[in-house]
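Below is one structure; the comments refer to it alone.
When the chains are written out, they are named A, B, C, D and E in that same order, and each has its own residue count from 1.
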Amino acid sequence: MLSLHLSALQVVIPLLAAPLCAIIRRPGITWLIALAVGIASCINSIAILLHINRFGEIVYSLGGWAAPFGIEYRIDSANALILLIISFIYLLGIIYAPVSIKSEVPEKSQGWLYTAWILCFTGLSGITISGDVFNVFVFLEVSSLSTYILISFGQDKRCLSAAFRYLVMGTIAATFYLIGVGFLYSLTGTLNMADLAQRLPDLISQNTVAVAFGFVIVGLAIKMALFPFHAWLPNAYAYAPNAVTAFLAGTATKAAVYVFIRLIFEVFPEDYFSGFTSSHHIILAVGIISAVITSAVAIFQNELKRLFAWSSIGQIGYIAVGVGLASTAGVAASFLHLFNHAIMKTAIFMAIGGLFIVTGSTTTAALKNAGRRMPWTMAAILIGGLSLIGVPFTTGFISKWYLVSASLEQNFWWLAGLILLGSLVTAAYVWKIVEIAYFRKDPNEQVVRQEAPLSLLIPTWILVVANIYFGIDARFSGSIATQAANTILGISP
Amino acid sequence: MKQHLILHVIAKIMIPFIMVFALYVQFHGDYGPGGGFQAGVIFGAGFILYGIVFGKEATMKIVPPPLVYTTAALGVLLYTGVGVAGMFLGGEFLNYSVLSADPVAGQHLGILLIEFGVGMTVASVMVILFLSFADYRQPDSQDTD
Amino acid sequence: MESLGIVNYWIVIALMMIGLYIVISANNLIKKIIGLNIFQSSVFILYISIGKVGGGTAPILLKEPTVYSNPLPHVLILTAIVVGVATTALGLALIVRIRSAFGTIDDQDVQQDIERN
Amino acid sequence: MMSASTIQLYCLVAPLVAVVLIATVGRVFPILYEAINASVAVLTFLLTLSLYSALGEGTIEPLVLFEPFVGVSIAIQAEPLGILFALMASFLWIVTSIYSFGYMRGHGETNLARFNIFFAIAISSAMGIALAANGFTLFLFYEVLTLSTFPLVTHAGTDKARRAGRVYLFLLLGTSVGMLLLALIWTWILTGTLDFRAGGILDGDISKTTLNILLVLYVFGIGKAALMPFHRWLPTAMVAPTPVSALLHAVAVVKAGVFSILKVSIYIFGIDLLQELEVHRYLAYVAAFTIVATAIIALRKDNLKARLAYSTVGQLSYIVLGALVANAAGIVGGGLHMLMHGFGKITLFFGAGAILVAAHKTEISQMRGIGRSMPVTMITFLIGCIAIVGAPPTGGMWSKWNLLLGAANTTDWLLLAALIIGSLLSAAYLLPIAVRAFYHPPDDGNETIKEAPVSILIAMIISAAGCIILFIAPDFAFELMSMITSSK
Amino acid sequence: MNAIELVVNFTLLGFLLVTALHISQTNRLFRAVMLFGIYSLLTASLFVSLDAVDVAFTEAAVGTCIATILMLSALSLTGSRKEVRYRRKNAAFAVCVSIALGVALAIGIMDMPQFADPNAPANLHVAPYYLQDSYSEIGIPNVVTSVLASYRGYDTLGEVVVIFTAGIGVIALLTGRSSKPKD
C-alpha cells in the first residue's frame, strides 16, 4: 500500500511540513521539522530507487486520472538518481544549517528561512518526478521563488540585487519555457511527456516544433546557468547565506539539467536533438567553451564563494558536453557528473561556511594559514578542489574518465584534449587557494588552532568521505548513471 | 485618509458587499466563472480597501498578522490534507472520488474543500502582501502615509 | 479569414517583443517588473488564443449541445497568472529592500554602488 | 606463510604505517621520525625481497583492491621489472632515511613531521607504481606521487620554492592529465582493457596512425621521465632539501617516470609492435638529443645541484632510449640503468647535501680542495661519478654496455653516437668536480671545514658500496630483466 | 467567429499594442504603472472575447487590482511616485534580443494551426474528453473548475504553494527587518 505512494510522498511530506513551519515560526522547531522532512525524504528516495530496481518504472496518476487527462509522476532510474542527490544534499544542508544560519540571519527570520528552504526542496522534488511539462513549470516556479527568498536572506546587501537579477532572469527563463510548452501544446494537444513523445515524431518537420524546442532549451539553459546564460549565478551564490549556497550548489541547477536531458532525449523524437536539428553540436561547443572559459574566470576571483560559483558554471559546461555527445556514454557521464559535482561542490561550500564562522570572511585572504589553523575545514576544501581538477581517488576523476572515454568513443580526441585542458585551468584556481592556505608562511605569526564547529564539520566530512569513496568505488554511481542514460535514450538494460 | 468622511461611509457600505460577492464567487465557481482563487483575491481586496481607507493599524486589529500567516498556511494544509485523505482512503494523492461512497459526490466534496483552501490561502496572502508593504518604512523616509 | 486567422498571433509576438524589450532596456527596477508582466501576459494571450474555437462559447456546460472553447489553456493560464503575480509581489518586495539598502532603484546606480565596494 | 599475493599489498601498506606512526608516536617523540621511517623502510625492503624470491617459484597472482567501474580495476601484480624497481626504491629509502636524519637536523630544517609523512606517502605511491597490474592503477599512483612530493618540493616555503612547486605541478599534472590520461582512456576504448600483459595489449588491427599518436602521447605524457621539452620541472625542483632531491632524482619520481615508459613499451605496446611504428625512431632521436643537450647544459652549470639535475635529465633519456630502440638488449639496458643510475645519482646528491651541511657550499667553483677535509664524502662522490659515466668498477658499466648494444642493433649510428658522446660529456662534467676537490689547493677558509655528520657518511658509504657491489654481482638484475625479454 | 467578435478582438489587440508601446516609451513611472493597470484590464476584456471568462476574471482581479496596488505601494515606498527620471540602458542590445525573439516566434507561428480552428490538434486530443466526460465524472458544469480542481488539481496545488511562497517571501523581506523606529 505504502509502496504505491512512494512517489507522491516525496512531494507530500515537505508540502505538509512547509505550512506547519509557517504556523509555528519558531526557529528551533521549524529546523526540527525541516530535519524530519530531510530524513523522511532520504529514506523515501532510497525506497524509490530500490523499488525501481526491483519492479521498474513507477507511474503514479495524481487524483486517479489517467495520463494525458490528469497529471502523472513517472519515475525511472534517471529521476530516482536526481531525487537521491537532492534529498541527501538537502538533509546534509539542514544538519549543517543551524550554527551557520545563526551567525548570518537574525533569529526572527530563521523560521521563514527554513520554511522557504522546505518549499525549495518541494519544488525541486516536484520538478524531478513530474511527467507533465506544464507541471514542471509550476514546480520550477515554486523552487525558483523560494530560491530568490533564500538568497535574499544573505548578510551583504548585495544579496538583494543578486536575488532581483536572478528573479528577472528566472522569470524570463520560465516564460520562455512556457512559450515552448505552448507551441508543443498547440501542435499536439497534450502536455504529458510520454504522450508528447508519441505524437511528436509525426510532426518532426514542422518549424513550430523546432521553435518550441529552441524556447524550451533556452529557458532551461538559463535555469541551469549554461553559458552564456550564466550571469545570474555568481552573485546569487556569492551573497546567499553560506548554508543556502551549499544547498543550492548541490541541487538547484541539477533539477533543471535533468529536465533538460529528459526533454531533449525522451520527449522530443529520437535523433531530433542530434540528427534532425544537429543542435547537439551547439550544446557541445557551448559546454566545452564554458568549461574552459569560466574556469579561467574563476582564477581571477578573490572571493571564495564567487570563485567556486564560477567553477560551478564550468562544471555545468562539462555536463553539457556529455549531453552534447548525445550518446549513452555521454549522457551517463553527465548523470555521473551531476552526482559527483553535487557531492564535491556542496562539501566545498560547507567548508567555506566553516571558514566564515571562524574568520568572519570568505575572501581568499581569510585562507591565510588556514592549513594549520583549521586543518579539517581546509582539508575539505582541498579534497573538493582536487576532485574538481579530477585527481585520482576522487569522484572528479571518475567523471573525467567517463567523459573523456565518451568523447573518445566518437573519436573526438580534440574534445578529450580540451576536457583535460579544462582540468588544468581548474588546477590553476584550486592551486591558488592551496598555496595561500598551506604555503604562505609568516614565521612571526602564532597560529592558534581554531576549527569550525563540529555541527558544520560532520556534514562536510560526510560528503568528503563520500567523495573519496565514490572516487575509489564508482560501481554504484557509475552503474546507476549508465542505467539512467540507458532509460532516457531508450535502450532497455 | 482618516479625515475623508465620504470614503469612510462608502467603504463601510461596500465592504460587506465585497465580502458577500467573494463568498458567492467562492461557492458558485462550480456553475459560473470564478472559484477559490478569484474569491480569495476579492476577499483580500475587501480588507485592502479597509486598510486603505481606515489605515493599517485598524486593519491589523481586525486581522492580526500572525493570524493571517496561520490562515495562509492552513489553506495549503487543507488542500494537501484533502489530497492525503484520498491516499488514506485507498486512492491516489488528490483523488477525491474516494472521499465519499459515490465518486461524483466525492469529487464535489473534494473540490469544495480544496477551493476553500485556495481561497483561504489566496485571501490571506493578499492581506499579507498589502500589510507588509503598508507596514514597511524606508530607513530614510519621513512621511507617515 | 485565412489571412486574418493568424493576426492574433502576430500581435501577440509584437507584445512579447515589447515586453522583453522593456525588461532588458529598463534601468528602473519597477519598470523591469512591468516589462516582465507585459511579457508574461502576452504569453497568456498566446495560450488563450490557442484554445479559442471559432463560434464557441465559454466552457461552462449548457443543456443544449454547443461548441465550447478549449478549457485546458484556461486552466493553465489561471495557474500561470497566479505564478506571475507571485513573482511580481516578490520582485516588488525586493525592490523596496533594494531601495533601503542602496538608496536607489536604478539598476546602473545599484551596480555602480556594488562595484565601488 | 603469507601468500605472495598478499605480500604485495603489505608492500604498499607498510609505508603508510610509517605515516600513522609519525603522526602519533612521532608527535610525542620527534626524535623518532627517521627511526620510524628507517625501520619501516627495512620492513618494506624485506617484503619486497620475499616477493623477489616468490617470483622464482612462478608468476605472482594479481590482487584486485577495488573495481571503480566495470572493466577497470585497481589491482597490483608484481612482475620482474616492478620488483627491480621496488627493490631499488625500498632499499634506497632505507639509505635516505639514515641520511636525512643527519641532513635535516644538521641543516636546521623545520616542519619535520610534514616532511617525513609526505616522504612515506611518496614511497608508498612509488611502490604502487612498481606493483601496478594495469595502466589505470599505474596512473592513480603516478598522480598521488606527484601530489605527495609537491609539499616536499615547496618545503622551504619561500617564494622561490613556491614558484618551483608551481612549475613542478603544472608540468607533471599537465602532461599526465593532458596526455597520459588521454592515452590511457584511448587505449581502454580501443582494447577494452588496461592490463599489463606480456607482448602488449595493443595489436596490429588498430590503425598505425592511431598507434603512433598513442605512443607520442605516452612518451611525452609521462612527464616524470623528463624528456625534452618537458624537463624544466626537474632543475627548478632543486630548491627542495637534499634528501628530497635524492628521492626525486634518484629513487621515486624520475624512476617512476622511466619505469612507466618501460612498462608501457613492454606491456602495452609490446616490443614487436613498437618496432613497426615509425614514430619510435623519431622519439628515440628526441631522447638522443636530450642526452647530448642536457650534457652540454650541465657542463655550463656552476651550481652543483643544478649540474646534477641536468645530468639526471640526460641519464633518464638513456633509459627512454633503451625502451624506444625496442629490442631485448635495449630493454635490459634500460632496466639496469634504472637501478645503476639510482645508486650512482643518490650518492652524488648525498655528496652535494653533505657539502652543503658541512661546508655550506653550493657552487662548484667554491669547492676547491675540500676533498682534503672531507675525504670520505669526496671519495664516495667520485665512485658515484664513475657509476654515472658507466665505467668499471661500478654497475653503471653493465647498463651502459647493454644500452650501447641495443642502439647498435638498430644500426642507427646517430643513436649510438649520441650515447657515446653523452657518456664522454658526463665524464667531462662530473670528474672535474672530484679532481678539483682533491688536487686543487683549498680556497681561503676551506681548511677549517669538517667532515659531514656520521649518519650522512654512513648513508653515502652504503650507496657507494652499492654501486660497486652491483658491478660484482649484477646477476639478480640480469636474471629479472631476462625474465621479461624471454617471456614476451 | 463572426464579424463582431473579430472586430472586438482586433480592437482590443490594437489597444493593447498601443498601451504596451506607450509603456515602453514613457518616462514617468506612475504613468507606466497606471497604463499597466489598463493593459491588464484590456487583456481581461480580450480573454472574455476569447471565451476565457475564468481567466478574464482572474486577470482583472489580479492584474488590475492586486498587481497595480502592489506597484503603487512600491512606487510610494521607493519614493519614485513623484520622481520621473528614468533612463534606458543598452537599448541596442534590447532591440536585438527582442527582434531575435520576434523572428523565432514568427517562424514558430508559421506552421501553427489557424487561429480559432476547431480542428486544431490542441482542440482535438485531450480537451474534448474534458468537455464530454467531466460532467458525468465530476458533476460540475464549469469545465474549467473541473479541470482546475480535479483533473489538474495537482497543478493548482502547486499554484497555491507558489502564492504561499510569495507570501512568505514578502513577510521575510519586509516584516521585522526594516529599521523602523517604534512609535
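Going forward, a contact is a pair of C-beta atoms (placed from the backbone, for glycine too) under 8 Å apart; a residue touches a chain by one contact, two chains touch by 3 or more.
Everything numeric in this text was worked out from a predicted model, so none of it was measured.
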Contacts common to chain A and chain D (chain labels)
none
Pair of chains joined by the greatest number of C-beta pairs in contact:
C-E
What is the chain whose Cα centroid lies farthest from the Cα centroid of chain E?
D
Measuring between mean CA coordinates, which chain is farthest from chain C?
D
Taking all protein C-alpha atoms shown, work out their mean, then name the chain whose own C-alpha mean is nearest to it.
A
Interchain centroid distance [CA atoms averaged], chain D/chain E, Å:
73
Averaged-CA centre spacing for the pair chain C and chain A, given as whole angstrom
28
So what's the Cα centroid distance for chain B and chain D, whole Å?
79
Distance from the CA centroid of chain A to that of chain E, rounded to the nearest Å?
31
Multi-partner residues of chain E (at least 2 other chains):
53-54, 58, 62, 66, 70, 73-74, 77-79, 105, 109, 112, 120, 122-123, 126-127, 130, 141-142, 144, 148, 150, 152-159, 161-167, 169-171, 173-174, 177-179
Two or more other chains in contact with one residue: find those residues in chain B.
31-33, 37, 69, 72-73, 75-76, 80, 83, 93-94, 96, 122, 129, 132-133, 136, 138-139
So the touching chain pairs work out to A-B, A-C, A-D, A-E, B-C, B-E, C-E
Which bits of chain E are touching chain A when the two form their complex?
104-105, 107-113, 120-127, 129-130, 150-155, 157-159, 161-162, 164-166, 168-169, 171-173, 176-177
Write out the stretch or stretches of chain E touching chain B in their complex.
53-54, 56-58, 61-62, 65-66, 69-70, 73-74, 76-79, 136-142, 144-146, 148-150, 153-154, 156-157, 159-161, 163-164, 166-167, 170-171, 173-175, 178-181
Spell out the residues on chain C that touch chain E in their complex, using ranges where they run on.
2, 4-11, 13-22, 24-28, 30-31, 33-35, 37-38, 41, 44-45, 48-62, 67-79, 81-90, 92-97, 99-100, 105-108
Which of the residues in chain A come into contact with chain C in the complex?
134, 137-138, 141, 145, 148-149, 152, 157-158, 160-161, 163-164, 167-168, 171-172, 174-175, 178-179, 182, 185-186, 191
Spell out the part of chain D that touches chain A in their complex, as residue ranges.
66-70, 72, 74, 139-140, 143-144, 147, 151, 154, 157, 161-162, 165-166, 169-170, 173-174, 177-178, 181-182, 185-186, 188-189, 213
